[in-house]
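What follows is chain A paired twice: with chain B in the first complex and chain C in the second.
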Partner chain A sequence: MSTVMPTAEDILAGAETLRWSAGVNFHEQLVEAIYTDAARLTDRAVTRPDSPLRFDFDRTVDKLVTSRWFGFPLMLLMLATVFYITIVGANVPSALISDLLIGIIHPLLKQGSAALGVPFFIDGLLIDGMYLGSAWVVAVMLPPMMIFFPLFTLLEDFGYLPRVAFNLDAIFRKSGAHGKQALTMAMGWGCNAAGVVATRIIDSPRERLIAIITNNFALCNGRWPTQIMIATVFIGVLAPPGWGGLVSALAVVGVAVLGILITFASSFLLSRTVLKGEVSTFSLELPPYRPPRIWQTIYTSIIDRTIIVLWRAVMWALPAGALIWLAGNVNVSGLSIAEHLIQFLNPAGLVLGLNGVILLAYILAIPANEIVIPTVLMLTALSAKMAGVGAGAGVMFDAESDAQLAQLFAAGGWTLLTAVNLMLFSLLHNPCSTTIHTIYKETRSAKWTTVAALMPLLLGFVVTFVVAQLWRLVAAG
Partner chain B sequence: MAQALLFILIGAGLLIGVLWAFRPGSGWYWRGKTQVEMTDRVRTEDAVKHVHLSNLRGLQPTLESLAGALQVTGNEAAAVAQSLTQFGLAELRDGQLHLQPRGVEAALHIIRVHRLWEQHLAEGTSVSDGEWHAQADRIEHQLSAQEADKLAAQMGNPLRDPHGDPIPSHAGSLRPQDGLPLSSVAVNQSYRIVHIEDEPVAIFSQIVASGLQPEMELRVLENSARRVRVWADGCEHVLAPLLAASVAVRPVEVQAQEVAQRPLSDLEPGQASRVVSISHACRGLERRRLLDLGLLPGTMVYAELRSPSGDPTAYRIRDTLIALRRTQAQWVRVE
Partner chain C sequence: MNSVPVIQPAAAACEACPAHNAANLLRLGVNVNDCDYVVALAGNPNTGKSTVFNALTGLRQHTGNWPGKTVTRAEGAYSYGQKRYKIVDLPGTYSLLSTTLDEEVARDFILFGQPDVTVVVVDATRLERNLNLVLQVLEITDRAVLGLNLMDEARRHKLQVDDRRLARDLGIPVVPMSARRGEGIPDLLRTVHEVATGATVCNPHRLQSEPAGLKRAVAQLVAQINAVYPGLPNARWVAMRLLDGDQRIIDAMQRGELGDLALRQNLEPAAQAALEPA
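Entry: the complex of A and B
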């Protein structure tokens, strides 16, 4: 053969000609060829059983869980069961961890540092600030997550959760979102940071962004205790004796349902405004049912979800604990920084139907919603100069009884309006820093992270402002 | 009491004012923004584009046609032509505009950015096809050559825009548009649509509404002075000859089959059918997703479950249960 070697230019020109003659659809022909090859290989290598038993089982279960009459009630039952087990089951370990970290280890550390003669400010900053803040987060956060996430993962592993998305897709479609957002929202009730990570299951870019930005409207595990406490102390007492528990439970559920409604409304608005042009595609695989692998599930959900989220939370709680302690203990012209800030924030807080203490607590407790209430209590006791209540300046504490709480709040000048608006603001404010951090990791976009952080906060200001003004209007009229 | 009422009124007033000002499309903020963008540079660039495109179509651009294309008066068009000659982009001979090499270069850059951006909108976003042209008309004045190269590289250096128009290469060469107008082809032959002219917008949107898309194969049933009837995508389409003239086609060897087709969404649970094609109106990620799921010609699809809320429906495709929404299942044509 005496052919001349083609030069690089010749090859490039040849490729160019081929590209133009191949047409636009050659990708499709490629995919088709791949599938034809794959089908040929499987036909040669795979033998199928004659009687598809599992197949029939799947069909029967699918017919039941997606049926017109049983589909939705079954879903509600499952959800209620998961919540019941989580709430009831978390109480005991939560109390145990709290007793250990705060009741036993904290005093031991204090005694130890006193014996060593550690100066007051180092001891306070490290033990009362950083240690106590992180211990609090661990005690409140860890047990529910250790129960909720494995339960959720078991349902996922069994194959039930995709069917939930299948049943609920129509509602989410109308608000421009993906059916799987039902799952990430439910995950958000456990922890928003975990909910944001869970949006990875949504493979359509636009719907995934919607799910990430609106996840904060799912009331997370760190906010349920706030809701329950405020509802018990302020709203439960309005009900006739014996009905208090029910009324306050209804109030908390009402706030959670409001969160769901706001999720739909904001998804609707986002998909039609800022996210209008983003790519959108839907597909949802309904995998075959499998017996859940229990130990593996527990292991992976604890490692992948619980530990990672908890680690991030503790990393944020350490500096926050230090800041809270410093704010309560560094004095400038006779008053602590916290008191200066409270006085500064008070006018704004009152316009929103809240107060300076609450606003400052939400600023200091950006790292974790779990420490909002201990911080509120500490700041209230500090600014009301209540002797004998609490554990000292800058040291977070929990109230011993509802009566003590009521007394503390009365001293802080709280009204029913403050309580209602605190419940609303707890639902509608910026996500905690762990969640913001996670949103940035997932979206890799400063723009969407900012939107996700500021949109709920703005909404919270608007809602509390309107409620406060209307409330005062009605009260005055 | 009065003060609270005042607060609410002021707050509500401010909110409404801000929303009004930023109202998409027609709020004053957006209007002001577009006003600023209509500078002299934009007009000059639009003018070289018009001259070059007219040349490609074998037309002689004049001051009148320029005024028409820029939607300005004759006097303003003359002023634009004057600045073209001043910048050495074009010259006016015998009442006709002729581009200088620099003018050709500028025109090709504008055309390249326009077509690249249309391709980007079609493949990488969910912006609807009616809005592509207007958006690209804005962007074409904003991207530099480097940014255009980056965009092209991201998309794998596409050859054609979504209407089938060739995209000028980075080196600045533009392949001539091939194909015959649909209004001039023979009856009972099969063709593939290679290009749909996107200007004027009124005609383009009528063609889009009729369901014809580039790359679609069709068979001509009737071609008269009154109407053009074609069989494509499983049903009959009727076009006015004026519309058909904007559709360019190329003959294909394989005859398009006149099989009755219906959308996959017509399948009731319990029914099964065989895939014929995925509609060409379905593009980008959406199309690749359907292909990845294995919805290829010849694949059997069984409709199995319908959600209790009526939509989506789960289909068994290649031993996998996949739920698709009605709007997506409509893209897939089955026997």
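Entry: the complex of A and C
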């Protein structure tokens, strides 16, 4: 190496001198040479149609979907349609799956273990805890995911997402963030960890940090089912019969849009305070619309997204189911551990317009947002001590219809405020541990990782608190 | 298929038949051990690199119709003609001259990883802009194949692309394909195999339109570089980067790692970690 060093220096010195002889605008000369060659080669190889096409599909569609007036309404309409189809379409298969897994297979398992004389704590831990926990995850999450993911992937394949980015670009720049953040946000709608990795397309470290910290405000795979279910059970029922699906879909769109608005607001605040700096410019290529390959898309989005998300949820639901069963069945001074924890968290939860069950569920769900709903259901049943619904403390039960779910929530002391604030808190809380780990890997900074983890949580506390206070004020007045 | 002007209907029908591939192609997924050749997949964003990657490896890298989807290197493997190939899907880039993280991943791999074959996947409907990158790649490496992808889209837009003339002009093999439909994949496999084994020798196009002063400066610097690093395969490219004042190349040269880096990137599959920000 030591023999190379001086000579390498010579080369650099040589380059220094030659740069002047070649002219100062070396870079421009080089780029121009490349462009000239490329244009010449293309001219020789490509024959264009003699007359331009009368009707340019891409341009016509682009004019519409990126138009000043129709761009945003069309975007909302598109999202609302996707959720409407998801919510309405998921009802029937959801009931079928829950009938099968919980109504038929669970009693069979119980009978089997009783016949074999399995001790109650093993039977409870395995069948009432782990099996039922996972069965719930499958019943609640699989049908909406099987409809939502393929629809979303079709939009992506068709080329719609860059148009969304195009529409949002101006607002992002006004917020002091990078226009490409719209793309990383869209990626976050699938998975926030993937969204954080996707921020690599942003070159400025300042803007990249903003994109990483605010990615969590894009609702992810693990959180869509929570939104969809709570909206169906609480908000859909407020609507006149027949309109429930539409109203629930609009509620979910509302939360997603709120996430976008909060992304803008927090990007704005960050770029005006701790992450000050210039906004960089970039050019966004709108890819051509390509007719999606429908069957292929449906197949791969079910394999790649649905199965992976479901698998992850089940993997976490197995230990969580066991843990919750234990917490519900191990008594300390007359009350189960779970009840102790819920009572401990209840005052704080109620101040936020939530309850102890929800807070405990979010603590248990740090590894994966997917298990929030099953945990909430299980703990609510436990805390409400609903005789006859389940087979014992901490056992999940057969609640195949929305009406039964509503009944359960009512017994657990839930109100419309609880539901609204749960939807808000699901949007605004710490990222899951996978995402936090990814943020650390990408930023290599404990400080920014902490900010990214705690800022949304703090915001969640503030927002739910304010909503709860206002709600109660209005209700009292 | 009767309206297809470029690929003969008979060939398309053969390619769509599973038996056509099954005999030769063995998809190895992520098993990249003991590979005989390394193939890099480069190209502009959103030209279908990941689709080609998936077709060859049997993996399911997420594909989507938007630029900037792949930001890291993805690796997979396949076996063809008794040889094992490692294939590296690089992030899409418009150029190798800039310094964003994803473009650096692509550039450093082609420059220092010294793949045996670099397949540049281009969008046939946007050939001119895509060729800007191809010309830069051809400055770095001799062994390249042009994957002229999205021919189905070109047909839809009534564009005719003369792949033979393009191959003659560029001095590298050109394979027309529609990767999403699986068309052209067998041709690509065969062509990559021929270039890797040396059965096809490329004579790549080098820039011609640069002003005389620039040409002279590059030639002089190349002579100096060749004296210090004999056998460096991309001296011309390194010279251009030095003249352009590319800090990363200057650093690499000062630390004397220009020669080592090639070696290191080949040995270490996770070399990409070294490219991540500190």
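We take it that the second predicted complex is superposed on the first by the 241 of 477 C-alpha atoms of A that agree within 3 Å, B and C clash if a C-alpha of one lies under 4 Å from a C-alpha of the other, contacts with A are read in each partner's own complex, and residues count from 1 in each chain.
Going forward, contacts are C-beta pairs under 8 Å (C-beta built on N, C-alpha and C of every residue); 3 or more make two chains touch, one makes a residue touch a chain.
Quantities reported herein were computed from a predicted structural model and do not represent experimental measurements.
S.K.: So, does A:447 touch the first partner chain B, the second partner chain C, both, or neither?
M.R.: In the superposition, A:447 touches no partner, neither chain B nor chain C.
S.K.: Using the touch definition from the top, say if A:166 reaches chain B (first), chain C (second), both or neither.
M.R.: first
S.K.: Go through the superposed model and pick first if A:303 touches only chain B, second if only chain C, both, or neither.
M.R.: second
S.K.: Return first, second, both or neither, reflecting whether A:7 touches chain B, chain C, both chains, or no partner chain.
M.R.: second
S.K.: Should A:158 be classified as contacting the first partner (chain B), the second (chain C), both, or neither?
M.R.: After superposing on A, A:158 lies in contact with chain C but is clear of chain B.
S.K.: In the superposed arrangement, which partner chain does A:31 touch: chain B (first), chain C (second), both, or neither?
M.R.: After superposing on A, A:31 lies in contact with both chain B and chain C.
S.K.: Is A:206 touching the first partner chain B, the second partner chain C, both, or neither of them?
M.R.: First partner only, chain B.
S.K.: Who does A:198 touch here: chain B (first), chain C (second), both, or neither?
M.R.: second
S.K.: In the overlaid three-chain picture, which partner chain does A:19 touch, first (chain B) or second (chain C), both, or neither?
M.R.: both
S.K.: On chain A, what residues does chain B touch that chain C touches as well?
M.R.: The answer is residues 19, 23, 27, 31-32, 35, 203, 205, 284-285, 287-288 of chain A.
S.K.: Can you list the chain B residues touching chain A in their complex?
M.R.: For chain B paired with chain A, touching residues are 1, 4-5, 7-8, 11, 15, 24, 121, 124-127, 159-160, 175, 214-215, 284-286, 288-289, 291-294, 296-297, 304-312, 314, 320-325, 328.
S.K.: Going by the contact rule at the top, pick out the chain A residues touching chain B in the complex.
M.R.: 19-20, 23-25, 27-28, 31-32, 35, 59, 62-63, 66-68, 71-72, 166-171, 173, 179, 203-206, 273, 276-288, 351, 462, 465-466, 469-470, 472-473, 476-477
S.K.: Could you pull out which chain A residues touch chain C in their complex?
M.R.: Touching chain C from chain A are residues 1, 4-5, 7-12, 14-15, 18-19, 21-23, 26-27, 29-42, 44-49, 53, 153, 156-159, 161-162, 165, 180, 183, 197-198, 200-201, 203, 205, 284-285, 287-288, 290, 293, 296, 300, 303-304, 442, 444.
S.K.: Under the touch definition given earlier, write down the residues of chain C that touch chain A in their complex.
M.R.: 45-46, 60, 62, 64-69, 71-72, 97, 99-102, 125, 127-129, 131-132, 134-136, 153, 157-163, 165-166, 169-170, 180, 205, 207-211, 213-214, 216-218, 220-221, 224-225, 227-228, 239-240, 242-245, 250, 253-254, 256, 258-259, 276-278
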